[in-house]
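Here you go, one structure.
Think of it as A, B, C, D, E, F, G and H in the order they're written, each chain with its own count starting at 1.
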Amino acid sequence: MERVDLAKLLEDVRTGAISAEDAQLELLRWPFADLSFARVDHHRALRQGMPEAVYGPGKRPEQCAAIVRELLANGTGPVLLTRADDAQVAAALATSPDGTVTGDPGGRLGALVSWRRASPRREVVTVVTAGTADLPVAAECRATLEAYGFEPTLLADCGVAGLHRLLASYDVLASSDAIVVVAGMEGALASVVGGLVGAPVVAVPTSVGYGASLEGVTALLAMHASCAPGIGVVGIDNGYGAACAVARMLR
Amino acid sequence: MERVDLAKLLEDVRTGAISAEDAQLELLRWPFADLSFARVDHHRALRQGMPEAVYGPGKRPEQCAAIVRELLANGTGPVLLTRADDAQVAAALATSPDGTVTGDPGGRLGALVSWRRASPRREVVTVVTAGTADLPVAAECRATLEAYGFEPTLLADCGVAGLHRLLASYDVLASSDAIVVVAGMEGALASVVGGLVGAPVVAVPTSVGYGASLEGVTALLAMHASCAPGIGVVGIDNGYGAACAVARMLR
Amino acid sequence: MERVDLAKLLEDVRTGAISAEDAQLELLRWPFADLSFARVDHHRALRQGMPEAVYGPGKRPEQCAAIVRELLANGTGPVLLTRADDAQVAAALATSPDGTVTGDPGGRLGALVSWRRASPRREVVTVVTAGTADLPVAAECRATLEAYGFEPTLLADCGVAGLHRLLASYDVLASSDAIVVVAGMEGALASVVGGLVGAPVVAVPTSVGYGASLEGVTALLAMHASCAPGIGVVGIDNGYGAACAVARMLR
Amino acid sequence: MERVDLAKLLEDVRTGAISAEDAQLELLRWPFADLSFARVDHHRALRQGMPEAVYGPGKRPEQCAAIVRELLANGTGPVLLTRADDAQVAAALATSPDGTVTGDPGGRLGALVSWRRASPRREVVTVVTAGTADLPVAAECRATLEAYGFEPTLLADCGVAGLHRLLASYDVLASSDAIVVVAGMEGALASVVGGLVGAPVVAVPTSVGYGASLEGVTALLAMHASCAPGIGVVGIDNGYGAACAVARMLR
Amino acid sequence: MERVDLAKLLEDVRTGAISAEDAQLELLRWPFADLSFARVDHHRALRQGMPEAVYGPGKRPEQCAAIVRELLANGTGPVLLTRADDAQVAAALATSPDGTVTGDPGGRLGALVSWRRASPRREVVTVVTAGTADLPVAAECRATLEAYGFEPTLLADCGVAGLHRLLASYDVLASSDAIVVVAGMEGALASVVGGLVGAPVVAVPTSVGYGASLEGVTALLAMHASCAPGIGVVGIDNGYGAACAVARMLR
Amino acid sequence: MERVDLAKLLEDVRTGAISAEDAQLELLRWPFADLSFARVDHHRALRQGMPEAVYGPGKRPEQCAAIVRELLANGTGPVLLTRADDAQVAAALATSPDGTVTGDPGGRLGALVSWRRASPRREVVTVVTAGTADLPVAAECRATLEAYGFEPTLLADCGVAGLHRLLASYDVLASSDAIVVVAGMEGALASVVGGLVGAPVVAVPTSVGYGASLEGVTALLAMHASCAPGIGVVGIDNGYGAACAVARMLR
Amino acid sequence: MERVDLAKLLEDVRTGAISAEDAQLELLRWPFADLSFARVDHHRALRQGMPEAVYGPGKRPEQCAAIVRELLANGTGPVLLTRADDAQVAAALATSPDGTVTGDPGGRLGALVSWRRASPRREVVTVVTAGTADLPVAAECRATLEAYGFEPTLLADCGVAGLHRLLASYDVLASSDAIVVVAGMEGALASVVGGLVGAPVVAVPTSVGYGASLEGVTALLAMHASCAPGIGVVGIDNGYGAACAVARMLR
Amino acid sequence: MERVDLAKLLEDVRTGAISAEDAQLELLRWPFADLSFARVDHHRALRQGMPEAVYGPGKRPEQCAAIVRELLANGTGPVLLTRADDAQVAAALATSPDGTVTGDPGGRLGALVSWRRASPRREVVTVVTAGTADLPVAAECRATLEAYGFEPTLLADCGVAGLHRLLASYDVLASSDAIVVVAGMEGALASVVGGLVGAPVVAVPTSVGYGASLEGVTALLAMHASCAPGIGVVGIDNGYGAACAVARMLR
């Protein structure tokens, strides 16, 4: 995948292949489209090799639809609408009808809608959840991984209160190229998985649990204080971010 | 109560009573049932002597119902569905109709539904609350204790602002084998009860109170900072957990 | 062990076995000795069956020494001086020389000095630590348990980053009447132990760890948010309190 | 006690008793003395009927000495230097030698030095502490009360883990015109005292305790969440402030 | 107002005026009525000289009604139902119809319903608010003070962003026997009022404000850190508690 | 703009141009109008050169309407009603119909209604947002700036994850007299803008984001910890306050 | 003051005034000097019109000295070394001897050393402190302002507990072009000053105070929750940052 | 690298290649050495492909030395002693003399001592710091990466307040296989780097900064709230953990 080359742009100016005015224009205008309420970053796919993503909350339905349409019209890679409420999903599908709705539609996290899918990847990615209640976050993560071309394996409900449930899938863990651990409450599953295998582990604290769970802060802190070294943690309930972290690792 | 014996399993392999493949299979499959969205831990009753419990929040009603049915079909002990909303209660009772609904149905905590009851226990367990508003948490605790076979005594509204209300029941406290103290606001009742008797005290901070109560965090911290030594604290509003702690003590 | 009987005292007044003035005097004066800076609670051993304990921090060395001496002179059970600095230890031993110094003398927690020991107990108590750095807290816990008459087993450095280290001692855990889990960082060991066995588990968060450990607050929160039900948590670094909780359970 | 009378000042201007320029000058200059690094408030004694107090921390010794000297030279009431370290005490006594050193000299809180004493007050003020370690805070409170002319009674070490130690002094509490409760750890003593009597209760959380005590924050929150109504709370370790609150009540 | 006299009770036992059994019975039963879900404290009015108060949240409407009825039937002083929602108000008025509804009915705080009023008091109590949005808390405070027999003056909207609004009422402040300051946001009004007058100041932080107000925690902390000494602080939005604190001071 | 002159008032008293009684009356009454539930500060426009603003939350619709009407009737400058809900907007417009509704009507922040506009200002003010979801806060800021007479430029969606979107508008930033940066999540845009230009930067943290965003607290803390010196931060979501800060700077 | 002109650089490339290679080199190397451990930003003075500043903490003395030397050698404006300990001050003065040491040498904040001074500015800047203990922060602010060419006025010890001390200097405040308010404890002074005048107010919370001051967090939150609109807040104890904010405003 | 194979062990039991008793013994004893105070995990190198690491804090010097010696004697890979104080370094080098001391010896973090080095790796790893004060954390990270066989590039002092310093090294970033971003204060560098490149980014918040930096908590939260997706965050100051995360990714 080619990248923006500042030196080449300057060289083109020197050789006259492009005028200085045009170069400046290109540098400033090309990488995004200004929709007045949003500066759509067409440059990201080139720069990062990531799908374009539109974060729903705080945007009006028609804004979501317009940004999605702009991204689909001016690129060829996957496009995602994340954390979308029903009105946002409806508006986006009305103008860009072939999207797939997954995630947690109508639920706590909202829907993830995806258009187009990257070419298939052969690396093995596993998503493990501590409990059934962590599944919406895992769903967001899986759908994002699928947009990237992965076919992740899901191991649900492997919390450490019944270690044998996790150990029974030791082979799956041991053969993974990357593992996403999705856990709320005390988040101990990340430490245990991180201690069992040497693969990269991305830990996603979830807001599942009550009382001392503090809406996921406890799990976030615990994952950071983990006695198993080398675990990377993403934000609370951030299944999308965890998938992006995996995609960065396995470029 | 017999326990899983790893040494015996290995011995059976050695003697040919079981093949290595079968042993591995048994080790991996036997202790839980994989419902794809949940790994139901049939092993827990053997391992811990506790009722099977399904934590409702975050699970879809049909998931709750399926896990309860699986637990009832593959065990003989009590089964609990905790913190359930109305739809979860309805779904679970639709497939497993002989459950008893208690706890705080329709309220802040949700319902606790129980199926089957352990054989009666003769130890004396007392549940004391600081105020009337703590009763839903106490109800969750009592229902769990009853599933374990206990017949707990409830002393309601004994907060330290009127000490005589507590001291009037001193005899009940002094003759208890275990005491659960349920208190919100500043949680001082735990210190006072812990200072009065030598029985094990399980303190449950509740989210009752406002302002500086910080949704129960103040009571939790205060119970941990208690000047009465040897109080074990469980999570905020966790009446179920307190009952489990008592059950562990009085096995 | 007999307890204070309010009804009997009143009955004695009625029968003239004791005058009302004397009864009131007895009720008010008998249970403690007023040293002006401290009201030494001679009643606690009767009321709770616990050793007398003097908490060092904030007391002047001569105050520690005087309270210890008072407790030794007016009782027959064990006496403990906890969290003592060098000057407090020296002052206490100068007037009550046959004390045993354990704990963490000169260290973060300070020394635990004990005089006299309760008659031997036969229940099996195990103290498990996640790391070597948790040993000072475990030492405070063990010394307190020994004052109560127990002979606790110590399993050091069994953190979940290397699960096999813990599983290798599964038999010890499974045969324990009570288990104290001492863990800092993310405190995940409590959940794992609580999930493995049905014995009562007392979890002690420690201030071991850095960054997101927040001086033990992370471990405390994580232990409360544990997915393993029925764990009782005591305060940060409170090895003494954990031992008292065990003593309450195994009266 | 007379007060500043804005109307009279304006009337004096009108009648020519004072020129407008002089009135403005008086209004601006009279109530404080500008020492460049401090604006010494000579007006406070008139306005509030309180002793002048100099808060030590952050001031250089010679600054402390100069402010004290200024206050003694331009007033007739008590003067206090609070939270002073050894150098500040020495500097202040060097220039104003007849001060009395109390509080916690050389300790956590530092010394309280007082000069002059208000005329005796006959109201009964009681200071109760939960433990011996709370005594330095109580000492700061007592010394301030004495500067105000009170003769407070001290009840030390009445924590709720041994309620009878408090109840034995019920008569003292019941006959008090104001009660200061000094308690760290979980601060439950404030609730208990507030529930026993109807006198005004000023609660002082202390930073005594460890782990979940959070340097006094736990006690502060717990006192605010108290189930006993009408308790006024002051800042952590603020024995001086509690005494001022009592003085306001009993003017 | 007479108080419970333990010595007298014991003397009556000695003289035979009452049997020991009856004395014990009286001691245990007399001060409260056990409604099973509540232990109604008939003793509080004697002990503290305060109105009986029922805290609404967490109680079922019929529980509120029953406790109010019990208090009215067995006492002669004022009775309050605080923080009541519409159903609780309706239930209480259905069985005890002559109550007066004030406070914040249907609003954030809920209603305060009062029955009977204490005999008139002549002390001057002033309630000052920083803004109009603090009025519901002030209303709860005023209604409670009126139940106690006071006729408080209300000064609304005197926040420090326009100091002249406060200074214009300096005479009212200067002639008050007690002042309640109700302020959200940064709570600076308490410091300013505390610096202006020597009367007792009870500060009530409110949850008014947004962003960094943290639901009143900022105001609570700021009031505790006040540079004006001797301010007693009560819990967030606790207008009822502030009134009780005033009543304690002005007994 | 003239200011209140205390010296002149006193001089007028001296010369008899005004009697002392009248002077006192003027001093006390003139600067505000007492509507009983609000003390409307007519003095602010003179004192600060700012529009009059009425903060909606916590006020009843008719209170909002009355204060707005009072301000319009007794001044000539702009009047704002901020954070208003639909009922408050309707009530205010019913009595003062020529207001303009902007901000976030019906949304998270509520509407900003403005009446009258200050004379045009020629300074260049730019409002930059990190994302589309920050636009409601920017809208409140812009509408306030417009009431002050400014014509702010809006640069939307310039977050640092795509730096070129910001750099493309470098010229706009470099020619601004003041810049308001509106950013949620990690708030990094403030540091980047503050590092690019020397103009005054007012940073507004927003509550946009989830999980570790902690309702805007993370952005607020990050903006304060910024490595770019000289950034002034206002409260979370406080677009109104940011506009006021700009107005103070550009008087 | 001229600024970096990207368009001109590109034009120079087109005309051959500079080769593309050289242009790239200039773009990359010119604005900073790479000392391996630091990238010294020679560009900042051009870009922001601010003095160069070296933040001491965490740097080795020789690193501080080398960066200062580099800045002095390659620029003509003021250079500051902030928060320096004694060793850092000594090392910097050894190689660049004509620096002036101010701030809080040897104290909590450390020294501020300045070399060269900008040309004099005629705007009036006032620094107000709430107490004497806030003076070290004010000293850091003043020294930075002086490096910028200002001659700030200091008003010390004007806390709101004695409002007349502040009001006496009302004329100074009213004639200021910018005001820095330095206050710890509850930080109320910022609200009062912000309410009195319309000039830009930069508020600096300080870590002065104890108990509920939470090392300055209380003052920071309170200043953000201020009822006086348009106050810009900088970080705790950040006198340097406040001066930079003033310099941005008064460019 | 071969891994432990549970199936093979069971198969060996079946074929008689190993007896059941021996298999159990091997399973339990082989992976660690019990030094009584530590269970040294010889299994980790096989399981995770990571160097053995001994965390210094809380261990006595002789304990550190013994664990290091045990690891060196029973393995062939790199061994690290992290966060060691001078006494720990001396003790470890006394018994295992050929260690290399790096990190932050005698400083805030302590030393990192390494023995043996893994075979060279060809992947490109870059460590970027926001400031010079972040270098000790970067040093810990680099030394750990070197033990793994990497030769990381260090880019120091590239904070976002001078973006050109970072952009000048864009080529280095763009050609990296993994990037570690080390930043304190507001941690914005992670978002900017994450937005510029698609490589995996591991963010390390540091405790550098003051006031609102909250000892690194602000940077940690900000990195989690980053608007650049797919950043993995490790604990505060955890340079060692970041290196482990990189090693996991690039196995």
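The definition used in the following text is that a residue touches a chain if its C-beta (ideal position, glycine included) is under 8 Å from a C-beta of that chain, and two chains touch if they have at least 3 such contacts.
Bear in mind that the values here come from a model prediction, so they are computed numbers and not experimental data.
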Co-neighbours of subunit E and subunit B - touch as defined: C, D
Turning angle required so that subunit C lies on subunit D, C-alpha fit (0 to 180°, nearest 5): 90
Intercentroid distance (Cα basis), subunit B paired with subunit A, Å: 37
Subunit F and subunit G: spacing of chain centres that average the CA atoms, whole Å: 25
Mean-CA-position distance for subunit H and subunit F (Å): 48
Shared-contact residues (touching 2 or more other chains) in subunit G: 6, 131, 161-162, 195-196, 211-212, 220, 224-226, 229, 235-236
All chain pairs that touch each other: A-B, A-C, A-F, A-G, A-H, B-C, B-D, B-E, B-H, C-D, C-E, C-H, D-E, D-F, D-G, E-F, E-G, F-G, F-H, G-H
Residue ranges of subunit B touching subunit C (in the complex, touch as defined): 3, 6, 47-50, 53, 170, 174, 195-202, 220, 224-226, 229-236, 240-241, 243-249, 251
Complex contact set, residues of subunit B against subunit H: 6-7, 10-11, 13-14, 16, 19-20, 23-24
Residue ranges of subunit D in contact with subunit G within the complex: 27-29, 31-32, 36-39, 41, 43-44, 55, 57-59, 63, 67, 83, 205, 207, 216, 220, 235-238
Residues of subunit E that touch subunit F when the two form their complex: 131-136, 156-158, 161-162, 164-165, 167-168, 208, 210-212
Subunit H residues touching subunit F - in the complex, by the definition given at the top: 130-131, 159-163, 184-188, 191-192, 194-196, 209, 211-214, 217-219, 221-229
